[in-house]
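Each of the two complexes below includes chain A, the first together with chain B, the second together with chain C.
Showing the complex of A and B:
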């Protein structure tokens, strides 16, 4: 049994490695498909900004070396990989000579602090709500299910924009954006934490409502299916208390929902990035937004890479947890592949 | 078939969804034909509030928001539709071939599918959009479509591999049908309802994805869409300056478009899966 589990883990790990390699390759190749030499474009942009010509030449040489654009493609690729493993993501265009890795390091904690609690808490509440819908049925189900459908299928940022306008602009209860007040500096003090929490509320609420809705729909469907199974009828016929039956149903319907958790890390990403830009939250989403506006290729690549790594890692962790929780599904997965 | 139609028409979710969707569709498709205004033309001052001349006011460059909304709705629906067709087409093809062939082909195709599922689609979308400089609405729909098919492929594969063991498939095989004929004539018709529902979902996701990409600044080139309108609104701080007419209409239309498609899907689900239909 133990070796089987190890094999399952190894298999999963290899698949994730393949996915990672593919994502990094896309990250490398796609921006290079843009016709023309991005470095030349960049330098000509800087020239109109009135930078000295010898400084321009230096910047040009620096980027040519960094991108290795004078080298053949496969050497560029290998070099890109080598730099990646040293944690070197290149130099930003717009904040030259700022390092991409530093910019990302500053933004990442904000995104993590926003996303992980949203997904986990949304997942838990959503599952309970979905199970309740399936079990209670009737009016409760009709209202809760329809509203879950509504909130989970309108794009995240729709709710974000409406909340921002209603609760920060029209009725200024919450700040209009940012991660903390202008003039304060990130530090470990109570006043800063309270201030950060105040800024955190709206993005958090706008995202968690959507997450709850999505998970509730999935759970409701699973629980509805479980409720029609033989073991439920049998337990009921035996006279088991409702509470006990619900507990069985909940546990069985829960398993596929763990996969749902993994999926939400990937699918929530796009919406979460835009939500950040709506609130000017100082995370990866806002960074990416600025990078795209300034056509800062190294920074865009850095952002997409970190997003990919985060999602793959989250998926892998969920897969491991899944293997631990349910030996039956572990076996089924082994058989499937 | 008639029976199904009656059930569909009786589903309240389906009917509400269909009416809402048709309203949005008419607005976005017929609206632009009825106006002689251009969505890029100056029609007033900056962020003019709604008035008789501009029903929904003007945007950051003094362009008429109502005209933009009509054109933008049309573009967003077009992108969503193209994305839905492409994603469903690829997903059904790959899923059906993998499920029907089994063995190595199945392993290979599903391996690719599973790898693509784990890579977040938004990342691929961003990279592809950057690589393709002049994106028309159609190109953007295709880009979104080719990144969102894996889920459909996986589900279609599961259905195909269970359908292919049915007797009528064996009979057809004995009568000398080719693999393609078998898939097209003996397998796909039996999951038509499923494929249609998958298409509706992909359509809805396509509209949402367009908005996400456009809001990040990677929208269709020289075209207005609902996402592009929101991008402008964000960039020019329409929300924080309280110019609600510049961002609430596109938000509302996005929400109604995707929600109505979901209602249609939920309604169809009740019809085709009697298990969900509760008395």
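Showing the complex of A and C:
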């Protein structure tokens, strides 16, 4: 049984490896399909300083060599792969000579700090609410379900803009954007944490409200379905208490929700793009947005690489975790049925 | 001895959106005696499963009991508070083998966890190990493999799941087992195993009586002591197995027997005939005897007034021809 599981893991792993290479290749080619030469833009920005045109041409050639853009595409591609394996994500064009890995390292904590609590808390509250709706029914369900349906259908950027207008512009309770106040510097002090929390509130609220609504709707549907299954009727017919029956129902209704949780974790890196942009939050989303606007190939590649890895990792973990939770899937994994 | 379960003039209707009612069980009086198998038979939609749901207290809206009484073990089941019915009756005095029993198990728990939950629900003082031991002993007694306990439902065959459900349903030695089509959707050898299991439960006095709901009359010929024939929500004839199978008197029972394939001598050479027409719409059943539109022997009375019951010995019959 153990070796079968190991084989299953290996199979899955190879599968994910292939997916990873395909995705990484796409990460290389897609930014290069954006029209325009980023180095030309970079150099033309310098031209405003009144530099001689032959000097500009030399700077241009120098940059092209420096970034490796003078090489044919396939050589660039191979270099990109070779560098990737050495952990070198390259140098940003626009923030030259900033290393892409450093830029990402600075942005990542902001995205993670914004997304993980939002996803987890939204998931827990949403599921409890959805389960309660399905079980209680009646008025409670009517009110809670309708509200969940309403908020989950507000596009989250729309909610973000409404919140921004109401609580930052019109009624300046919260700052309009950024991760911390202008002039302060990230450090481990109480005043900085409070300041960061103050900036954190609006993006957090705008995302969690939508997350709760979406999860609650999914959970309610699943629980309602489970409540009408044969095993529920049978358990009740044998005199099992509601408490025990509900435990069966929620465990089974949870299964698809766990997939949902993992998928949100996977897409969280890219998922905050709009929210981060609206609130100028210094995370991966904002970084990617800037990089795309300036056709900064290495930075785009770096950001999409992080997203790729997160999505694949989350899916891989779900594949494994699911087998522990659902015996039917475990049997399929072990090739028993 | 006292009857184990009694239904008195029971009426149970499905209430549809808009207020129409489907009179699925409409004035049924029937008793389950100690140490017997009572077969309840009839065409699809005659109300036999509805009757089973009500007497086992497993009915849910839109099915509502509008009139009548169900008594068991000294309790008036229909007025008994839900919590008391759950603790005193369900699984303990009356148990069920539901229709499609092979799908009645929770797909994500092992059989033994369900057995533990069920036993400890009714005997909170029991430890988990005691519950497992009890379940294991019962499986051995009934010659079912012990591995069932540690299996998940999907790891068992359909027939084995069906038998597992029967064992789980009877763990608490209920007096009454209500089995709704326990052999449908099974192959012949699994059917035989299920029947043998039910008979063993009776022989060992693990249960006292079975209400066996089915549309397969040949099966009742094998297992039933008494048979009740239902048509369009009402009983038409109740009697011993021999009376119903070999000397049916109600025109519907006779028609039903005429459409049955059994290797009895008197049946073997006869042409099998169906019953002309279709069962009535239970939203608006016909006046008088409900079978009269399809009955070849109807007289004027049949279309006007409901036939009263007539009892001779063990047989009760609802037909104007008997009066």
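Simple rule for what comes next: the second predicted complex is superposed on the first by the 279 of 337 C-alpha atoms of A that agree within 3 Å, B and C clash if a C-alpha of one lies under 4 Å from a C-alpha of the other, contacts with A are read in each partner's own complex, and residues count from 1 in each chain.
As a convention for this text, a contact is a pair of C-beta atoms (placed from the backbone, for glycine too) under 8 Å apart; a residue touches a chain by one contact, two chains touch by 3 or more.
Quick caveat, the model's predicted, so the values are computed rather than measured.
Trainee: Taking chain A as the common reference, can chain B and chain C both be placed on it without clashing, or not? Answer clash or fit.
Mentor: Fit.
Trainee: Please indicate which partner A:251 is in contact with in the superposed arrangement: first for chain B, second for chain C, both, or neither.
Mentor: Touch status of A:251: second partner only.
Trainee: Please work out whether A:224 is in contact with chain B alone, chain C alone, both, or neither, and reply first, second, both or neither.
Mentor: A:224: touches chain B, not chain C.
Trainee: After superposing on chain A, what angle in degrees do the C-alpha centres of chain B and chain C form at the C-alpha centre of chain A, to the nearest 10?
Mentor: 70
Trainee: Taking the superposition on A as described, I'd like to know which of chain B and chain C A:206 touches: first, second, both or neither.
Mentor: Once the two structures are laid over each other on A, A:206 reaches no partner at all.
Trainee: After the superposition on A, what does A:239 contact: first (chain B), second (chain C), both or neither?
Mentor: Touch partner of A:239: chain C, not chain B.
Trainee: Could you tell me if A:177 is touching chain B, chain C, both of them or neither one (first, second, both, neither)?
Mentor: first
Trainee: Does chain C touch more residues of chain A than chain B does, or is it the other way round?
Mentor: The partner with more contacted residues on chain A is B.
Trainee: Using the superposition on chain A described above, determine whether A:264 touches chain B (first), chain C (second), both, or neither.
Mentor: Neither partner.
Trainee: Quick one: smallest Cα-Cα gap between chain B and chain C in the superposed arrangement, Å?
Mentor: Taking the overlay as described at the top, chain B lies 7 Å from chain C at its nearest C-alpha.
Trainee: Touching chain B in one complex and chain C in the other: list those residues of chain A.
Mentor: Common to the two interfaces on chain A: residues 337.
Trainee: Using the touch definition from the top, list the residues of chain A that touch chain C in their complex.
Mentor: 230-231, 233-241, 244, 248, 251-252, 255, 325-328, 331, 336-337
Trainee: Where on chain B is chain A touching in the complex?
Mentor: So the residues of chain B touching chain A come out as 13, 107, 111, 114-115, 117-128, 130-133, 204, 208-209, 211-212, 215-218, 230, 233-235, 239-240, 242, 244, 247-248, 251, 254-255, 258-259, 261-263, 266, 275-276, 278.
Trainee: Can you list the residues on chain A that touch chain B in the complex?
Mentor: Residues 15-16, 18-19, 22-23, 26-27, 30-31, 33-35, 137, 146, 149-150, 153-155, 157-158, 161-162, 164-165, 169-170, 176-177, 221, 224-225, 228, 266-267, 269-271, 273-274, 277-278, 288-289, 292-293, 297, 300, 304, 307-308, 311-312, 315, 337.
Trainee: Can you list the chain C residues touching chain A in their complex?
Mentor: 56-58, 60, 86-87, 89-92, 95-96, 98, 100-101, 103-110, 114, 117-118, 121-122, 152, 154-155, 165, 168-169
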